[in-house]
Amino acid sequence: MSIDGMGTPEIHQNASKATPPSEGPEAIDRQDPDGEIAGRARAYRNWGRWGDDDVLGTLNFIDDGKRREAAQLVRSGRTVSLSLPFDMDGPQKGWRRRTNPVHTMLDTGTDAQMGHQGFPHGLGGADDVIAMPLQCSTQWDGLGHIFDHGTAWNGRPAGDVVTSDGDLVTGIEHTAASFVSRGVLLDVGRHLAPEAGRLPDAFAITPEHLDDTAQAQGIDVTRGDIIVVRTGQLARAKAEGWGEYAGGPAPGLSLTCAGWIHRTEVAAVATDTWGFEVRPNEFDVPAFQPLHQVSIPNIGLTIGEMWDADELAELCAEQSRWEFMLVAPSLPITGAVGTPVNPLAIL
Amino acid sequence: MSIDGMGTPEIHQNASKATPPSEGPEAIDRQDPDGEIAGRARAYRNWGRWGDDDVLGTLNFIDDGKRREAAQLVRSGRTVSLSLPFDMDGPQKGWRRRTNPVHTMLDTGTDAQMGHQGFPHGLGGADDVIAMPLQCSTQWDGLGHIFDHGTAWNGRPAGDVVTSDGDLVTGIEHTAASFVSRGVLLDVGRHLAPEAGRLPDAFAITPEHLDDTAQAQGIDVTRGDIIVVRTGQLARAKAEGWGEYAGGPAPGLSLTCAGWIHRTEVAAVATDTWGFEVRPNEFDVPAFQPLHQVSIPNIGLTIGEMWDADELAELCAEQSRWEFMLVAPSLPITGAVGTPVNPLAIL
Amino acid sequence: MSIDGMGTPEIHQNASKATPPSEGPEAIDRQDPDGEIAGRARAYRNWGRWGDDDVLGTLNFIDDGKRREAAQLVRSGRTVSLSLPFDMDGPQKGWRRRTNPVHTMLDTGTDAQMGHQGFPHGLGGADDVIAMPLQCSTQWDGLGHIFDHGTAWNGRPAGDVVTSDGDLVTGIEHTAASFVSRGVLLDVGRHLAPEAGRLPDAFAITPEHLDDTAQAQGIDVTRGDIIVVRTGQLARAKAEGWGEYAGGPAPGLSLTCAGWIHRTEVAAVATDTWGFEVRPNEFDVPAFQPLHQVSIPNIGLTIGEMWDADELAELCAEQSRWEFMLVAPSLPITGAVGTPVNPLAIL
Amino acid sequence: MSIDGMGTPEIHQNASKATPPSEGPEAIDRQDPDGEIAGRARAYRNWGRWGDDDVLGTLNFIDDGKRREAAQLVRSGRTVSLSLPFDMDGPQKGWRRRTNPVHTMLDTGTDAQMGHQGFPHGLGGADDVIAMPLQCSTQWDGLGHIFDHGTAWNGRPAGDVVTSDGDLVTGIEHTAASFVSRGVLLDVGRHLAPEAGRLPDAFAITPEHLDDTAQAQGIDVTRGDIIVVRTGQLARAKAEGWGEYAGGPAPGLSLTCAGWIHRTEVAAVATDTWGFEVRPNEFDVPAFQPLHQVSIPNIGLTIGEMWDADELAELCAEQSRWEFMLVAPSLPITGAVGTPVNPLAIL
């Protein structure tokens, strides 16, 4: 199964239609986002599964045993960062006040060298400041990031959870010790498009694509895994410029993956794209990020976006080994609904 | 050797005088910071050790083998965050424009619930922004943070390294994959003051204190380790309020530890204090952070500050085991001289 | 009438009781903030007075004739700024995430002088950035700043006016050309306390105090004026340190001034205090800024805070002339509920 | 003299060559920016003119008499703001870390209406924060903004003036009471291109153009005036989108205007463009903002950029009157090298 040479998204979308998802609703009615979302929300909702007070959602699938298993995957010790650099050359263009990170200096080496700092005994220093949206670059979406009809994770009213004081209930600080698990790379871009190494924009990755990739890679997805889906879009952006990377057309997960996510009991899923799911979304009427709407407030899934999996993909291919220890700590900003992250894959 | 009940810093300083450091210059001339710093800078300078182009300093001591060894330390999988929460309740009071983190929302759940967002099919969202000094809370000091007489790490002119465009040479982004190693907790507070569990302000921790603690804990410090020195000051601040935690009197490393740091070939050292080294510094004339001046630009040491090791200390004491896998990824902000960090100890 | 030597706020509060306000409700029931506020809100509400679409409130009292009159007050041309400097030495201490302004440089003269900028033909430059709450220093409170039981100016639901996207209706940008008028200084501090030149904390300025001061100064308050009430608190803060200036005890307007504000048809009122009205507020049960609650959403009043009227007061006293042209332009930040301002008095 | 229908910048540049500037060096050698700049810097340098300690430069031309004269120009009282709105829809695209203003809310009306704020007696509030470059929209360039070969205004070494602590000498706070004067609009766009109402990109406005416009408008430029030069570029940007407004091709002042600026003894000059001077600059070799280099550090001129003079131009044309009272207060940010400004023209 290869899509190399596929000229247009239309082709794949037909293909996608031809291979109906194996979960829940069998096909997407492109006129009915409300129905398609509501059906999956009902089918895959995890509310109450970890108690009324839960603040972690599917991160609960990671337990001490899982973390121990993750550490045992380390063979060479080789470590790869999956983070983009955080700077003004990032993908943001101002949509919804999202800028690239603005990093400024409070003190500099030029000042120190010219003797402007006033410290004793030849000491000099440099300090700095950052101003940035928490979702501007490589990130985790927290459970307070998305609501479904005014309802947040675990069935709470959105307005009781996230006010202008931040996320009062499921703030990212609760995940401070959560992001250590077995990581699995599903390099769908390489599997489906071995020549190009990347999927075209608007390509919807279905559960079958995920399973096929896993099978081809000879790996099982298991409870508590953190899945990294590589589409190859970021590699193109790095080579050709950001273009419309932030919010524009992109390959990504199909809404039909909601069932796969629910069934596999993975702890989190990250992609190398801006928006996790396929863009434009799979509807002929106005729609926006329907898989987020099912996954975050209903399944309780934490989502990673803008993860750079290119170097990791090279290593995994070389070693024909697609599992590793993944440590991707949130920055515990009290009340945050997202966090920048530098995910480390330790092989 | 216990300092419990020690009423005043003076007492301990005499004690400190009475037990001269085992490294380099045998005692500190409290009238001569220039000489004390210059002697240690010369003695322990690592310039050129990893080539003229080096940007990592002692982080070079961590290699794949070390990371593999670190992973093998994981037994239970139990994971502890050593990070403070990042919020306005932090220790900063405005010194040198260092504020606590200001976290604001771009979109909220109240807006979503009241229908003000305009997304289709019942989608709602929350987004957020942070403005903060990179050194405002739990952090790594990068190699561009401190200069010695206008000279940065590896002998480079400070003004060629850190301009208002940031650290052009040793920016924290180079450490993106560096912070995975064996972690060792030296709970000096508990060892020297078993009843109080914490050292008094102005207590200078000498190499002998470090070695005694390691010996009492039954652990060896080895090349490439990331050392976490717990003084107990942060526990007090959490219990009693920040007070002068940011810049005020504190227990911390003595300048005489420079030789210990150099000899042990540790990769990095972190403390639970604002400033790593003892405050006030060990001079009777104006002085400011002399151990920084020796360690960062000369030894090439990366320093951690404001690490919360209290929960970790409890666990280590329970298990009588003071080593663990430590993963403490920098946030790869291009050109940064420091980084907030959420260090994870995996036991 | 003088309060010089008044030792305690208690004394003045008795005095305040002894001189009941001449407007509306004759005295304040210190157990009933709800009633006291509601009565005044009903009595002085200007909703609909300038049409259903109004976004300016009492600024409508300033018309071209008033501005012409203001210009005609200019005699010497001497101009005085009523602004504090905007920097980290300001009064904020972090309450509700209000910090002092953090000003950082994007480029510096040291970098330019050392040749680090890369511009041709010897050009060098410096650029800068600010991060600050709009209410951190000398400021105008916009009409979206305060709500009364969920209702904003002109009777609009607060949630329809100010979302996390800002003030969608009465944003400060609508006032871009508004703040030119006759200014009148009422130097209550000097009038009531001629020796100290300032009122004690918790001193409640009543309408009678305002009228007495105007009479003593030989000036009439007229429709459309911008009134600057000087208590002297800021002079003390400048001399003795900010202390609890931001939110702590302060002299200021009594709730009973609501009627005076309504009757005089002034366009705006500013004080040299953090909070405009007397602090603690005039109730024995929990209360917070009741005059704001009556004035902003009900009267439609724009309020100035932290205006430094000390130099102006000296000039006015020298010239025995308390009126001037006042130009105090908002910074038209779209959707802002407040604005920093540098008010200029042109005499 | 009209340029309507002028197809290309080339044409006007020939024309510009054909009408050599009446000041100083007679024509520009397009191969020699160093020489062209140096000659004008020497010829027009005002160093020492107002003493060695001067921090105001040509703003010294505004005295009390000038301000009085300005006030006397007010006839109708009609007031016009020359400020753009400050928001994310501004012209910035990230060049040198210049973003558009990011305005976020600390508290909102939705939160207040939903009862999330916890204030007593029905009080609700909204607060906000701004993060923005000081040069991101309508602004004044301060005297510390530009250097000539490492030298700042009045001959000071740039590194002694602007460090990472800001402008220690000529910070914008010194201008807090400065910007009140007679304003003169020179509507060069309307005069030279009466049909289009705007000049083409790359059109260099010469001293002759300025004088012709003044003469056609029947107005004299006098000492201490604040001159607003309207090219019409901003009107196009508002109609057609920002495009390359920030840094791209634009009409603007020719380098040859340096002599005009010096001779007329104007206090300040502002334009409706991003960069004040013609872009690309008038050289065939790499060059960047040569008129800034002559004007700011040598002449001591304060420069206004991105001023919106379109509404003002309409009024002036209607009344055939091109002078007015101009009040354009800086925001006195300590150490700033620029300031956002809301300039008010009072007619």
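The letters A, B, C and D name the chains in turn, as written, and every chain counts its residues from 1.
Methods note: a residue touches a chain if its C-beta (ideal position, glycine included) is under 8 Å from a C-beta of that chain, and two chains touch if they have at least 3 such contacts.
As the structure is a computational prediction, the values presented were derived from the model and not from experiment.
Student: Any chains in contact with both subunit B and subunit D?
Tutor: Looking at subunit D and subunit B together, the chains touching each of them are A, C.
Student: State the pair with the higher C-beta contact count; candidates are A-D and A-C.
Tutor: Result: the pair with more contacts is A-D.
Student: Same or different for subunit B and subunit C, when you check if over half of the residue numbers at their contact belong to both copies?
Tutor: same
Student: Could you work out how far the Cα centre of subunit A sits from that of subunit B, in whole Å?
Tutor: Whole-Å distance between the two chain centres: 30.
Student: Taking the mean of the C-alpha atoms as each chain's centre, how many Å separate subunit A from subunit D?
Tutor: 45
Student: Could you tell me the distance, in whole angstrom, between the mean C-alpha positions of subunit A and subunit C?
Tutor: Comparing mean C-alpha positions, subunit C is 47 Å from subunit A.
Student: Which residues belonging to subunit A are in contact with no fewer than two other chains?
Tutor: Correct list: 97, 102-108, 110-111, 113-114, 116, 129, 131, 159, 163-164.
Student: Using the touch definition from the top, list the residues of subunit D that touch subunit B in their complex.
Tutor: Those residues of subunit D that touch subunit B are 102, 104-106, 108, 110-111, 113-114, 116, 129, 131, 164.
Student: In their complex, what parts of subunit B are in touch with subunit A?
Tutor: The touching residues are 33-34, 37, 63-72, 74-81, 83-87, 89, 96-98, 101, 103-110, 112-115, 119-135, 144-150, 152, 157-164, 166-167, 173, 176-177, 180, 285-290, 292-293, 325, 327, 329-338, 340-344, 346.
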